[in-house]
Amino acid sequence: MKLLIAIIQPDKLDEVHEALVAAGITRITASRASGQGRAQEMELYRGTEITASRMPKVRLEIALNDDFVQPCIDAIVRAARHGDGERGDGKIFVIPLERTVRISTGEVGSEAI
Amino acid sequence: MRLSLPAALAVLSPSLALAGDVMALPEDTGATAWMLASTALVLLMVPGLAMFYGGLVRTKNVLGTMMHSFAAMAIIGVLWPIIGYAMAFGPSVGGVVGWDADKVLLSGIDTTWIPILDETRRIPEYVFTMFQGKFAIITPALIAGAVAERVRFGGYAVFIALWSLLVYNPLAHIVWGGGFLTGEAIDLAGGTVIHISAGVAGLVAALYLGARHGYPRTAMHPNNLVMTLTGAGLLWVGWFGFNAGSQVSSGLATAQALTMTQIAASAGALTWMALEGLLHRKVSSLGMVSGILAGLVAITPAAGAVMPLGALALGGLASFVCYGAIAMKNALGYDDTLDVFGIHGAAGIFGAIGLTFVLRDTPEHGLWTQLWFQVKGVLVAGGLSAVATLVLLVLVDKTIGLRLPPREELAGMDHALHGEHGYGLTNVN
Amino acid sequence: MRLSLPAALAVLSPSLALAGDVMALPEDTGATAWMLASTALVLLMVPGLAMFYGGLVRTKNVLGTMMHSFAAMAIIGVLWPIIGYAMAFGPSVGGVVGWDADKVLLSGIDTTWIPILDETRRIPEYVFTMFQGKFAIITPALIAGAVAERVRFGGYAVFIALWSLLVYNPLAHIVWGGGFLTGEAIDLAGGTVIHISAGVAGLVAALYLGARHGYPRTAMHPNNLVMTLTGAGLLWVGWFGFNAGSQVSSGLATAQALTMTQIAASAGALTWMALEGLLHRKVSSLGMVSGILAGLVAITPAAGAVMPLGALALGGLASFVCYGAIAMKNALGYDDTLDVFGIHGAAGIFGAIGLTFVLRDTPEHGLWTQLWFQVKGVLVAGGLSAVATLVLLVLVDKTIGLRLPPREELAGMDHALHGEHGYGLTNVN
Amino acid sequence: MRLSLPAALAVLSPSLALAGDVMALPEDTGATAWMLASTALVLLMVPGLAMFYGGLVRTKNVLGTMMHSFAAMAIIGVLWPIIGYAMAFGPSVGGVVGWDADKVLLSGIDTTWIPILDETRRIPEYVFTMFQGKFAIITPALIAGAVAERVRFGGYAVFIALWSLLVYNPLAHIVWGGGFLTGEAIDLAGGTVIHISAGVAGLVAALYLGARHGYPRTAMHPNNLVMTLTGAGLLWVGWFGFNAGSQVSSGLATAQALTMTQIAASAGALTWMALEGLLHRKVSSLGMVSGILAGLVAITPAAGAVMPLGALALGGLASFVCYGAIAMKNALGYDDTLDVFGIHGAAGIFGAIGLTFVLRDTPEHGLWTQLWFQVKGVLVAGGLSAVATLVLLVLVDKTIGLRLPPREELAGMDHALHGEHGYGLTNVN
Amino acid sequence: MKLLIAIIQPDKLDEVHEALVAAGITRITASRASGQGRAQEMELYRGTEITASRMPKVRLEIALNDDFVQPCIDAIVRAARHGDGERGDGKIFVIPLERTVRISTGEVGSEAI
Amino acid sequence: MKLLIAIIQPDKLDEVHEALVAAGITRITASRASGQGRAQEMELYRGTEITASRMPKVRLEIALNDDFVQPCIDAIVRAARHGDGERGDGKIFVIPLERTVRISTGEVGSEAI
């Protein structure tokens, strides 16, 4: 089992979500984050353009059985890109997941994902 | 009730209100004070509306949506003194629009006075002009709710400017300013001129622009119901100026209008709460404020002409009507984002017609004639608004564009159009 | 000061205010304008209170708490014109409650006038009715703070409806409307009728319902102090209408009331700030606005009867009193969620009694008699409210239920009762 | 326009307004009503300003920044009745400050009246006192924006108290209260006394305190533009009271002032929107409200003296001026956090001088003399404010300290100074 | 050492917190998240019931020495359940934790937990 | 590759950020969290001091190639301390990171960090 963390642009959340559902992945946890990467974003402040130092991002956390990891990455990469891929489109991190417990039933392991 | 329209008539008809005649009346500093206060109260409805609407959209569109209200204040705020007042309250040209070169840029009214409702005293014309100007601002700002979350800012700005010139000003003239319906339909504070015209325009615009991406599949949650509630509170407060100010006086008629406004708003809220409580075992805050608005809209044309029981009835039933109208929208599946037609259109039509049956005094021409006048008012306002709105939508859309491109719609108006985020507080900074 | 009670008396006593007598007075469009504006200002206190209270609870209860204020507006807004005004300002039945079938549904006052404070001019009765109606709305809304975060919505709604009928209307009658205390206690704008009665009711309700789950072990943080501050600002603004409008005129007495209101509020804020600064080396924003409220509450009965120095003293000392009352609550450990008793009860009692010592004019019956009148007012208001509140609490609790079940309390009112979330913005959408 | 200054003169000059003379005039309940309403409206600007400023700072400073406005209400709210009114509107001592022991604690004006603008009727002096007191509150609250996010609370509190005594009260006396500029510069509602003096004081304070840690390297994002917009809406509403109330009457002059205020604000907003649209292809909400403020500030001295076209010009050009002033600030690199000088200073100076060219009537002493009067007003207000502010800054800084220590600045004022967090809602609770 | 991530219902936060303290676990980090799982939640919108696509959740992050992992899971499972366990009660994920550093002292490893 | 999670005091965010940039680490993801640890914070509530049960924290997430782990930890520890280190200064957790994908280009592994 793996835990996949994806940092994406907020405007792509709906598309990514739909792509994941299409790939059979229906359970995710999302949260707000602020990212600092290569991309820069301009904002207006009283007629002056300022560069935002940290930009709003969405952080997805998805626990997966191993078979689903690659399809999941593919789905995210496809859906989260702006055009053919732009700076700031985000990153995916894959982390080993040792155990999963479903609280309601106490099930553990791959059925609990 | 607005039947007698003293202010407008005084301005229009030289026979009735020769400058000398008006100046012979004593100054009414009390009525002036109330009209000034009413003007401030109606202006309060602009931030109120911005909050009400702004809280209902998704986080990424909150600023853009609020700017729709504020932009109306900026754009119509400039257009109205330049030309709007001349078009609405100048001497009639064929009954459909006014014109008075002297009112352009308000140049001729810098020191003029008009009589109050009962023509016993006078107030400066400017206070009437400014009070009416706030109505001209609010009306297009209402429409914005129907196309929220998917409209270009530039296109919207041009659209409301044109709409104000081609729909609002003529309609205000027709119903209030001496046009062909003046003196027929009872419409104290704009049931037809404001709510029906805005509601219908919103419906047409929503249909023309099409639904938001993902609607109705994706649930779209209000970003800040807390703000929506607060905005509704400010709208209620401002509505006192709206309705009671429309009596152009500070006396019995004014007090009546304020009383009926208060009663209808409460009745609307209570009814909606009861409906949701019965049907869902839950009473939502959005439902409650929707009921407030339904009641307020329905009483708007009627506040001067009905008694407390009538106000209770109009306000309470308006919630039924709007509840049904919104259920119908959901069934039909079109995307009137913030239910401009479902609330303003539906309650506006209901109030304009329904008031006939709860009038304080039997109308001059009898009930059925009055009913016909009311229906005629609805049809004219709705018809004019529908047709002209469609023409303007096509015009603006084909030239500078109205619908936001999909990418910007997804990114959200705040970032894409305005280069800002509404709530820096959710970001780490 | 409200001793003379012109409006009420005019309504009550046929000898003083035969319809003809009143109609002989000239219309006062200025006083009408100010009463209309005051009515709008007092209405502004409803969203103001909703924001004030709403910001102080936990995120999960913000909407539910704000709805308590708005629901009062809906429920009492309907009850008042139907029956409340008749009970409060109808001719006295045994000195404890009024009744006037003609005032039911306001049917008999559609065109009546009442004299202003000094009985030299007249204003429409409706403006007095509506102004008073706002007081009837605010009072139960205040109580809500004491039981915030743990009360059922349905139970609350029924409770405040009954409370309004059985406590507020009689009390308003007793103190203002011709009842057995009318003309005795000085109570311009409701120190006894509003703040003491609400404060005591809050205390009783808090004790009856018991503490929130986890109180006081778990710290419960305000979800939005920014909103609480803003709400306090709106309350201050609205309070001008509250106090100065209670003079039922637009003249010297009105100006005096407004001036003292402003001074006491500032003094209250400054004192609380100084206290916290001295005791904690920090000055909190919540402390500052608590001081504002303390000052405003304390000056409410007194605003017409004291001079600036008196207002400074009442406002400043009120902060001491409330500071102490809240410290006592913490020591005793009961859970008056938003300190309804600690602020409204404590400052209300202090103001009602304290004003005796800073009166502008020596009272008619001498200082000690007046002091006794004031104490009597406090005892009657507090006693009536305590007993009747308890009866109503038991009644509602045993029938439809008042206390939220634990699971719904933990889940939060917004989700459990209203099917909503206050701040969609914190969610990713 | 304020040239004639009836209220002040009446108070000052025994010849013009012997108590008897004034009492012979009829009471003006209408003007009283409008002045009361105006006072409430100007008070609304305090929460409005708190929201406007509070939304623009970073999350960690939101409460502290809002408290700056509220603290001004508490501190000046107490100082003004005690001594401020006596200093501003007492008989002149050498043309630079007033003094009247009778006005200390307002003890001598408890029942006095003053004539309205055209001296045909009278109103209670208290309403004038309280109305003016709100101006005294707003002015130091404006300055706070320049030093936001890095000032100690205690130091700020002492500073504004002293500033009020040494700068505001004398200046109000000089321009309005009978001082050496009274009757010269046209300044209806405080272009010089309020906006220029606050703008210049802000500039001096910003330079003296130095930039915030990290400025301008680190981008500092507004925590809540939604609130800033709402605040701007309330400011607009309140400004009606500000400007139209300054006419001390309820009649033609009042209506003119309100009209010009409305037009200039709209024109300012529209111009800024157009500028940003042209230069950045984006129209920001902050730009829009900055334009509103620019227009409102510029029309403040002029609202009684110009016609609609003049108001359009002043409002529109003010946005250019402020846009430029802020660009210059960015180029120069000093840290006027919320652009107090860039908006209030720049638009204030522009309006005070620019109004000369769009006056309704040719000024009594000719255009060039008037222009010189206006320039003199700007120089006196700016000069006095600059020098005295610097002295006070040094004084306070060297004694109790003004600049926040770095650690507390980084931690944020809310936590470090006030022991609170603005938005509990972002925390999990 | 393990890092335990638990996604729970917001209304259970206080109970879970108390249960953890009872199990000797006093240090946790919590944040807001939005979850999409099997559970569905109804909201009212102007008289219409709508299904929320993502529901508010609380995300707990707890670094633990190995002995504490099982007690911690047990405590959470017990306290986070509604009744005998309902849909939406949440999940627990266990991840290997290689190193822990306490910033204030520089301590590392199991004492730093 | 490692994923480093740091919980720090909010007032130290800017300093930590600058220290990281100085150490050559320019990409980070930050989010708000609420922490319960040894430290306690006093807040004022109507003249009463109350102890906040959960305090606002900032949570940083930084994906790193192995060489950067120690410099990153050092930089954070230095910059996040108040004085010589106080309770509440925070923690750093290091987790194994198996895979990293840059969404815009599809790059994987250490170049994608």
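The first chain written gets the first letter, and so on, giving A, B, C, D, E and F; residue counts start at 1 in each chain.
In this section, a residue touches a chain if its C-beta (ideal position, glycine included) is under 8 Å from a C-beta of that chain, and two chains touch if they have at least 3 such contacts.
Quick caveat, the model's predicted, so the values are computed rather than measured.
K.L.:
Provide the labels of all chains in contact with chain A and in contact with chain D.
P.N.:
Touches both chain A and chain D: B, C, E, F.
K.L.:
Approximately how many whole Å separate the CA-defined centres of chain A and chain E?
P.N.:
Once rounded, the distance between the two centres reads 19 Å.
K.L.:
Quick one: report the Å distance separating chain B from chain F, using the average Cα coordinate of each chain.
P.N.:
Taking the average C-alpha coordinate of chain B and of chain F, the gap between them is 51 Å.
K.L.:
Could you give the separation in Å between the centres of chain C and chain D, each centre being the mean of its C-alpha atoms?
P.N.:
That gives a centre separation of 33 Å.
K.L.:
Per the centroid of Cα atoms for each chain, what is the distance between chain C and chain F, given in Å?
P.N.:
Spacing between the chain centres: roughly 49 Å.
K.L.:
Touching two or more other chains, which residues of chain B qualify?
P.N.:
Residues 28-31, 33-34, 37, 62, 218, 221-222, 224, 250, 280, 282, 284, 286, 418-423, 426-429 of chain B touch two or more partner chains.
K.L.:
Using the touch definition from the top, which residues of chain A touch two or more other chains?
P.N.:
Correct list: 10, 30-34, 43-44, 49, 53-54, 95-96.
K.L.:
Could you draw the chains as nodes, link the ones that touch, and say if you get a line, ring, star, complete or other?
P.N.:
It is complete, because no pair of chains fails to touch.
K.L.:
Given the complex with chain A, which residues does chain D contribute to the contact?
P.N.:
Result: residues 218-219, 221-222, 272, 275-276, 279-280, 282, 284, 286-287, 290, 323, 326-327, 330, 339, 342 of chain D touch chain A.
K.L.:
Can you name the residues of chain E that touch chain C in the complex?
P.N.:
So the residues of chain E in touch with chain C come to 9-12, 14-15, 32-34, 42-44, 49, 54, 56, 82.
K.L.:
Within the complex, which stretch of chain B touches chain C?
P.N.:
Answer in residue numbers: 28-31, 33-34, 37, 41, 58-59, 62, 121, 220-226, 229-230, 232-234, 236-237, 240-241, 244, 249-252, 254-256, 258-259, 262-263, 265-267, 269-270, 273, 277, 280, 282-286, 288-289, 291-292, 307-309, 312, 360, 422-423, 426.
K.L.:
Of all residues in chain D, which touch chain C in the complex?
P.N.:
Its residues touching chain C are 27-34, 36-37, 39-40, 43-44, 46-47, 50-51, 54, 62-63, 66-67, 70-71, 73-78, 81-82, 105-107, 110-111, 113, 123-127, 129-130, 133, 153-154, 224, 227, 250, 417-427, 429.
K.L.:
Show which residues of chain A lie in contact with chain C when the two form their complex.
P.N.:
Chain A residues touching chain C: 10, 13, 30-32, 58.
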